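Some structures are shown below for you to check.
Across the two complexes that follow, chain A remains constant while its partner is chain B and subsequently chain C.
And then the complex of A and B:
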């Protein structure tokens, strides 16, 4: 009898632990090591397992090793990725995707030095297209447009018929920010987070 | 008797694992309209650019393993399978307990019979 009580208490503890695990797993974080991150949503009345849309974003993008320029001139490093409308299971409307740096209050995008008391911060620009040095000056990055809403900058919208469509995104980091900095102090790993938000807008009467 | 205890211990462990998998699957199965992409970089100590490299994508990379994309259908299947395994292990536990109780009753009857 006593053994059964102990076993029952242990089982209750294990089930309680699983509740904690599920609570911590509810948040999508940049610690997901398993590749792509998905943004999904579900409409009412859908069967189990059905989602109204799946938008795929990369889990991580890497600028690689940054270098300090010898002179105080622009030295951009670019990295591109795509946002994909993997599944669109609705008939009318569109899915809008927004992006922002949730840790920044000024609407810009930053990566911050890790594991130091006074971290050095480096900003980068985000373009909703493919950009390089030949055309960068022709376009205004999202973070300099000033059009930031509650969920961030509007990146793109996918209509119901656009399943499989891809949106190019280019991040541009000007290494001129490293000029005249003490490399001993700014050396190390940097990390930042782009937070994507999706919103399904259904249009009536169509 | 010892074998029953081993089976019960194994079933309890199995129940615990299935519970964890099931609860995590259900959570992953929930819709999430927000997602994060980590942006990383690295600065080496004492690295100074000696030539003006204007466009340099050599070290840039994107981590995007499309083989690991999980759709809502797949998550539902994994949640259903783990739930079924959980039920089976609980069923085995109940049977073991009943068999154990039955064996105890028989042993008590043998011991009390003059």
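And then the complex of A and C:
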């Protein structure tokens, strides 16, 4: 019985020693070479040069497989996504988000045929809301509003209290552009990219 | 020494040997084999593999899409050759970033190598010094796929005010 108690005490000591060594090995770094315990605190809120906010944008523009219509009629294909105010680390002001197609000089949005000498381009519209065949004609796409600025079309603004807010966006491509085209020439992969511009503005008086 | 005492002594020795091996193993592993994230704080131009958006209590939730950091201001002194600004690729992203720090007149102050998710830097070396004043600047995040093709994805510009004192 006495033997068992001694062995149990020894085992407890061994386990305790291992834990202590493990913890001390983890905290012994170049930042505190003397091995002393370092207690740190962080004051939240973004200072100059720190990240003040994080927004989430869509990865890419991908309309999938397009279909050539048999008649010259509207035939829209839609893709939807959201822009999210993922993290807002400021107390006043708002983050404004703009969008444009950096490769287009005319303020429109395009996808372009890849890996060919004279690529075929297809335009699409961008709406700052959810749009489908049932309501598309009720709204003017951003790229037809004429209201483009240096950084593109104003998509939305996220106020300081709007963390987690989402902005719906719909892209609409009219496959009528493919009507009567030579499929041998226009078949293939298409790609296009959007550029999202953001800035944090504080209104005067805030 | 009777038989039971001898047995106890052997057990104690075995336990001590095991303890020594465990302790030694832990120390060797921690110091030589455990993966240590590189830290760039205070080192100009050094890219850290443990970069984050700077608010560890509010880690951005995982969501579809690409997370883009944004800024309000950054400050430096006239003639400085580096700028404190936290440029990086949030851990939850599934794409790479090429980050370019530039002024709105097109002057490029810094362009990064490919930043994989979780990589970034906080002290950015500048290609040229600036005179006292306020500048409109931005970090252009060019997003690409992580495969060998590095196919361009949607990109983003985060505008901020650069104050040179």
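The working rule: the second predicted complex is superposed on the first by the 154 of 206 C-alpha atoms of A that agree within 3 Å, B and C clash if a C-alpha of one lies under 4 Å from a C-alpha of the other, contacts with A are read in each partner's own complex, and residues count from 1 in each chain.
Basically, a contact is a pair of C-beta atoms (placed from the backbone, for glycine too) under 8 Å apart; a residue touches a chain by one contact, two chains touch by 3 or more.
Quick caveat: nothing in here was measured; it's all calculated off a predicted structure.
Judged by the touch definition given at the top, the superposed model places A:90 against chain C, while chain B stays out of reach. When chain B and chain C are set side by side, the one touching more residues of chain A is B. Using the contact criterion defined above for the overlaid structures, shared-chain residue A:149 touches neither chain B nor chain C, since it reaches no partner. In the superposition on chain A, A:198 makes contact with both chain B and chain C. By the document's definition of touching, of the two partners only chain B reaches A:188; chain C does not.
Looking at the shared chain after the overlay, A:69 reaches chain B, while chain C stays out of its contact range.
Contacts of A:81 after superposition on the shared chain: both chain B and chain C are touched. Looking at chain A, you'll find residues 7, 10-11, 14, 17-18, 21-22, 25-26, 42, 48-51, 54-61, 81, 86-87, 191, 193-199 touch chain B in one structure and chain C in the other. Within the complex formed with chain B, the residues of chain A that make contact are 7, 10-11, 14-15, 17-19, 21-23, 25-26, 28-30, 34-42, 48-51, 54-71, 73-81, 86-87, 109, 111, 122, 124, 132-133, 171, 173, 175, 178, 183-184, 186-199.
Those residues of chain B lying in contact with chain A across their complex are 8, 12, 15-16, 19-20, 22-24, 26-50, 52-73, 75-77.
Looking at the complex, you find that chain C touches chain A at residues 4, 7-8, 11-12, 15-16, 18-19, 22-23, 26-27, 30-31, 53-58, 60-61, 63-75, 83-86, 90, 94-95, 122, 138, 143, 151-160, 163. Every residue of chain A that touches chain C in the complex is listed here, in rising order: 3, 6-7, 10-11, 13-14, 17-18, 21-22, 25-26, 42, 44, 46, 48-61, 81-82, 84, 86-87, 89-90, 93, 95, 102, 151, 191, 193-200.
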